[in-house]
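Both complexes below contain chain A, partnered by chain B and then by chain C.
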Partner chain A sequence: MSGSTKQRIGGFLARQGILVAFALFMIGFTLANQRFLDPDNVMGVIRSSAILGVMALGVTFVVISGNLDLSVGSMMSFSTIVVLDLHDKIGPTLAIPAMFAMTLCLGAFIGFLVGYLKLNSLIVTLGMLSAIHGLTLTYSGGQNMDIADKANTWFGVFGQGNIVGIPVPILLFALLAAILGMMLSKTPFGRKVYAVGGNGTAATFSGIRRARVVFSCYLISAFCVATAGLIQASRSLGSQNTVGQGLELEVLAAVILGGASLLGGSGTIFKTVIGVLILGFIQNGLLLVGLQFYVQYVVTWIIIILAVWLDIAAKRGKLWSPIA
Partner chain B sequence: MKLRTALAVTVATAALSGAATAETYKIGITQNNVGVDSYQTTYEKAFIAAAEANANVETVVLDAGGDVARQIAQMEDLIQQEVDAIIIWPTNGEAVIPAVRKAQQAGIPVIVTNSNIAEQGFDFVASFSGPDNITQGARSAEIMCEKFTEMGIQDEAQIVQISGQPGYTTAIERAKGFEDRLPEVCPNVTLMETQPGDWNREKSQKVMEAFLVKYDDIDGVYAGDDNMGVGALNAAKAAGREGIIFVGATNFAVGYEAMERGEYWGSIYQSPVDDAEAALQTAIDVLDGKDVPFLNYFDTPKITQDNMGDFTKPVF
Partner chain C sequence: MTEQIPALRLEGIVKTFPGVRALDGVSFSVLPGEVHALMGENGAGKSTLMKVLGGIYQPDDGRIIVNKMPAVMTSPLEAKAKGIVFIHQELSLAEELSVAENIYLGELPRKRFGLVDWTKLEAQTNEILARLKVGFDAKTRVGDLSIANQQMVEIARALTVDSKAVIFDEPTASLTDAEKVVLFDVIADLQKAGVGIIYISHRMEEIFKITDRISVLRDGQYRGTLKTAETNEEEVTQLMIGRKLDLSRNVRHHELGRVALEVRDLSCGELFRDVSFEVRSGEVVGFYGLVGAGRTEIAETLFGLRDPSAGTILLNGEEVRIHSPADAIAKGISLVPEDRKGQGLVLGMNCRDNMTLPQVDDLKAGPFVAEGSEIAIFDQYRDKLDIRTPGWKQIVGNLSGGNQQKIVIGKWLSMHPNVLIVDEPTRGIDVGSKSEIHNLIRDLAAQGYAVIVISSEMPEVLHVSDRIIAMYSGQITRTFTAEEVTEDNLIQAISGIGGSDRAA
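Showing the complex of A and B:
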């Protein structure tokens, strides 16, 4: 092998360590259970990851801009419950934009607090996590929300439909990932997001309106959450109040697993997608292997640590380094 | 603090009817978390309605909002108010024991409703009123077995189980009841695997998707409640797998509707109205000095497509 090829492979590994880790897991699970790579299974995993994935796309923007969003789980419950409730009251055609508007209002509120009032995003969104949950419970009066006439509505198309054999949730996920990926990597706005997260003060002095960028990131996040809520509601045409509970941490795990830094300034949409897929396939793989479920919690965590370690080792060029 | 009192005027009615012998009882209740789900919301409404319908009962209705500290404070309030009996829906089976003990020492009988407190607190409790989860699990096994026998596959059927959240007493007891009873009624039915659905429809759907990939032949699914059962049903429908017998527990409206559509076979009918009325009646019986069993279960009957006409659709 010539030196330059070796360097190129080395460079690729350093950049895409997480992809290598992902490939290794896929091989491992396939060896453990032949069914793992069955097209139906792969399609099923991606379809059920789509909800988490769509949310993770938006949170990627927030994290790159140097902030956190812990409210996405509650917000997803909110949009799911709202769209289901409005479906029976004003019909799906009006219910969907109304739900998007309400969810965007929540996003704008958070964006205002974090962006313009410069409040700590951890505190704001942690507070919103329970505040929005309370809002959802108040809205629904604690009742489960179900569409009354499930047989005669086209609303199921977003969660259950297929276009040319591919489930609509996957298409929505891919479409959003493509658009947001372009936005982040190819537009001035995208560069501003990295700048604000990398060094907010420097960005401000360079004439970037930091508050506005942060505000926009939360709006994007809310938009993604609304889309996730739409898929969720459409998939089961009914929901518990707590449907999104705990998802905020899974979303954050996927984003971080993809290599975005919690300190802001780094991360890409593509890597977030890989992070989402890793989480989805781990959960599915462990189920297929048939591990006792108490063990699964532990194993999930071990695999995540391994993935992050592989990623960092690839960047360093060796598995272990005495200095960081 | 959410404080609602439902007062029943007794004197006038009692005097008019001439039945002035009955005493008026003041009964306090501290609930777990009203409003968090439809079951608890309906429970509270039914409790207040039952208390209003009984002229000899005056109630103080409190809700802990899922907060242990608040529930303990509410217990102390009720002791201060010198109510005749306290009904508690524990927010936590362990942490409320000292407060229960305090009430008992103050001479106020405590009735635990819906979910029991931990065993070390049993000495301080007059009675537990609630569903019997082990029997519920056992009855689900019977429903499943009867259906298999009717279909003639009782000797080869293979099933999977989707249980509730690991660590929850209700989840553990239902699974135990099911797993113990199934081999007694249908010894040749194989339970291939159990995985938790965490009481969550979406999670259960994911688990079922994996089961469907893993096992080519699934004849039945037992889910720890109908929410999870319907999640599993959705997965099977999406995968185009037909003929699977779904049996759940705690019949929810979604489960009832799926039964109407003929997609879901059966469940266990647990009414929050029965639950609330049983709790109030247990408290009254204790105060009347009647001999009340320590574990005072209310009946949770089997419901299947065959007999669902006898039951009204659950409101939750």
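Showing the complex of A and C:
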């Protein structure tokens, strides 16, 4: 192979590597198992990706603004447990807004620490991952939370319902993706998120109140987490304290897979949705070819590494370079 | 005999960057025991040349010859090994380490098992320090030293190797007069030891005091070498700027408006004290002073990036308090910052989005950004400022420095500010775009803007300003009108000389 052809292929892989890898996976799974592209299976994958997807939408804002949110997994457990507990105490109509308010408070707290106090988001949200877990356990007393009368509540609609034949979780995911996608790409606020993540100093010098933008991103993230918690609680009408554990990394994987840079300033909601679907299909495919579910953890990690590598490679247009 | 063999010779050095020919066939040589001044305006190619010499850039063409031997410098380490040593303006010392560790960093004397031989290290270091007659010893933590003494550590580092040539880059920028005397003694010692010295400075007085010959660069080209004893400031300046020093003072053809900005007794901690001045609409006021004199800090305070510790700011006669850039912008103060890439632009964003960033909240169609109005604004200022870009979608990071600067200027002009502050308007911008930006600043004044220009380049300040405010060490030393300013009295005012002229 001539040097220039090799270079061109390398450059193409660097730019489109994720899609190439995804296509290869899809072809492989389809050959290995006929059911993979079955409409029922496809719909199933999308539905089970909805919770992850809703969370990834919010984290996309945080990542584009140049920060991280590792607390979304345990925050989702918190929302789920709280809404289930309040369901029996004050009824679903009040429980849902109460749960949203409490989750938004957590988001506001993180946003305050990272935005206004300018603390490192990795440290803050890593700490919150653990702190919120503790908060959830304290709240529940360590017990699983169940709705007492599962037969007679309309609460299951968010997780189990169908509207015109489409599962409600998918509709919620699609609706949120559309709204947040518009918000990010079309509104002044969205523009400011990109500016703050692209060059926070220049954004400040342009009169953008950086702290306020970062704060808002964490609020959006918390809102998405609350929605995810609602779907999760509604789907099973009962939950363990650890239901969201580990999701923070999967969410981050989906966002990076979609092409948002961890350095901030780039990424889109559309790409994140693609990232979520890639992750969902790959995990589903692994199960269909007969691997145990825990293989997913390893594969997810490999995908993250691959995505980060290709992100850097795309920037320099080469798969490998002696200098950064 | 040795006088005839240059310690260091450059032959036809060429270095190009995309769009710029930074060095265009530069040749000159430094004899052993000679102090050779390298002069040129900012952007003339001095620092590029030094980076080629130091192995940071590879020349596209030309040769470097050290003691008759052609030398290829591929890294700073290699340059040092070949006896080329740099004393940088910006110090590169590890503050937490001792003087001795810094001096021998990377080549600490070893004992058995690879352990550091502290006794030997200390003895060697103190020997060198004795030669420099400094008042600190090998064990002192570098972070505890004054800037001047830190510079001595850098020089001590130069003495540890068998140097053929030592390059001093603006060494006196942060030194007091007493410290300068010590520095000049050290240079004289090096000279006696037969080392060739390249001395880069803007300060004519020093150049004529200590150098033997002067080489001049302009626009990346070598313009000639003069014997210091046989030339004068005028001739050197003429070589540097390529014309007689007429300074082409700006002539104002329009009337000044009312006072747009007035500052009374403004102070900000130790950064600047009791600063008072006013700027009228239609007027360009230049701030000139050395780095660290407080010019940029005043701009940052006016723009809400720093809180003043005392004093008042009046805009159109009304007292205002400014707590953030958003505040300043709302009140009509705009800042084109010093660091274009770090502070002025989001490099990964496109031209349009950068230009409309401060007013994106005001350009709305329903809840969304009115992209049509944005494009209209971009087009208007692209034409007005002659920004050369394929279109608004172009990523700003891909533009040339001059066009980037115009985007920043356009960003503020499109908001029609009362006061426009421009900090280092042409830093890192090629010569052609420079004069365009200068003309632009004059035009803005003619249109009635009140403009403050902060610059380290004297020709620039002289060229664009109606009045010039000279600063020294956090204070205004003198205000000149365009008619009364001369290069000499301006230099005196920024060097803290000429106390009799000092304003109250």
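We adopt the following convention: the second predicted complex is superposed on the first by the 267 of 324 C-alpha atoms of A that agree within 3 Å, B and C clash if a C-alpha of one lies under 4 Å from a C-alpha of the other, contacts with A are read in each partner's own complex, and residues count from 1 in each chain.
We adopt the following convention: a residue touches a chain if its C-beta (ideal position, glycine included) is under 8 Å from a C-beta of that chain, and two chains touch if they have at least 3 such contacts.
Fair warning: this is a prediction, and the values are worked out from it, not measured in the lab.
Colleague: After aligning the two structures on chain A, examine chain B and chain C and state clash or fit.
Modeller: By the criteria stated at the top, chain C and chain B fit after superposition, with no clash.
Colleague: Is A:Y294 in contact with chain B, with chain C, with both, or with neither (first, second, both, neither)?
Modeller: A:Y294 contacts chain B only, not chain C.
Colleague: Could you say whether A:S266 touches chain B, chain C, both of them, or neither, answering first, second, both or neither?
Modeller: Only chain C is touched by A:S266; chain B is not.
Colleague: Looking at the overlay, does A:A202 come into contact with chain B only (first), chain C only (second), both, or neither?
Modeller: A:A202 sits against chain C, while chain B stays out of touch.
Colleague: Please determine whether it is chain B or chain C that touches the greater number of chain A residues.
Modeller: B
Colleague: Just chain B (first), just chain C (second), both, or neither: which does A:Q240 touch?
Modeller: The first partner, chain B, only.
Colleague: Just to be sure I read the superposition right, which of the two partners does A:T187 touch: chain B = first, chain C = second, or both, or neither?
Modeller: second
Colleague: So after superposition, what is the minimum Cα distance from chain B to chain C, given in Å?
Modeller: Minimum over all C-alpha pairs of chain B and chain C: 35 Å.
Colleague: Per the contact definition, I'd like the list of chain A residues that touch chain B in the complex.
Modeller: Touch residues, chain A against chain B: 33, 35, 38, 40-41, 44-45, 48, 137-138, 141-144, 146, 150, 160, 232, 235-236, 238-243, 283-284, 287-288, 290, 293-294.
Colleague: Taking the touch rule as given, give the residues of chain C at its contact with chain A in the complex, in rising order.
Modeller: Per the touch definition, chain C meets chain A at residues 303, 305, 324-326, 328-330, 335, 337, 342-349, 353, 357-358, 360-361, 363-364, 367-369, 411.
Colleague: If you look only at chain B, which of its residues touch chain A in the complex?
Modeller: Checking each residue of chain B against chain A gives 34-38, 40-41, 166, 193, 195-196, 200-202, 205-207, 209-211, 213-214, 227, 230-231, 234, 238-239, 252-254, 257, 316.
Colleague: Which residues, counting only chain A, touch chain C once they are in their complex?
Modeller: 182, 186-188, 191-192, 194-195, 198-199, 201-209, 265-266
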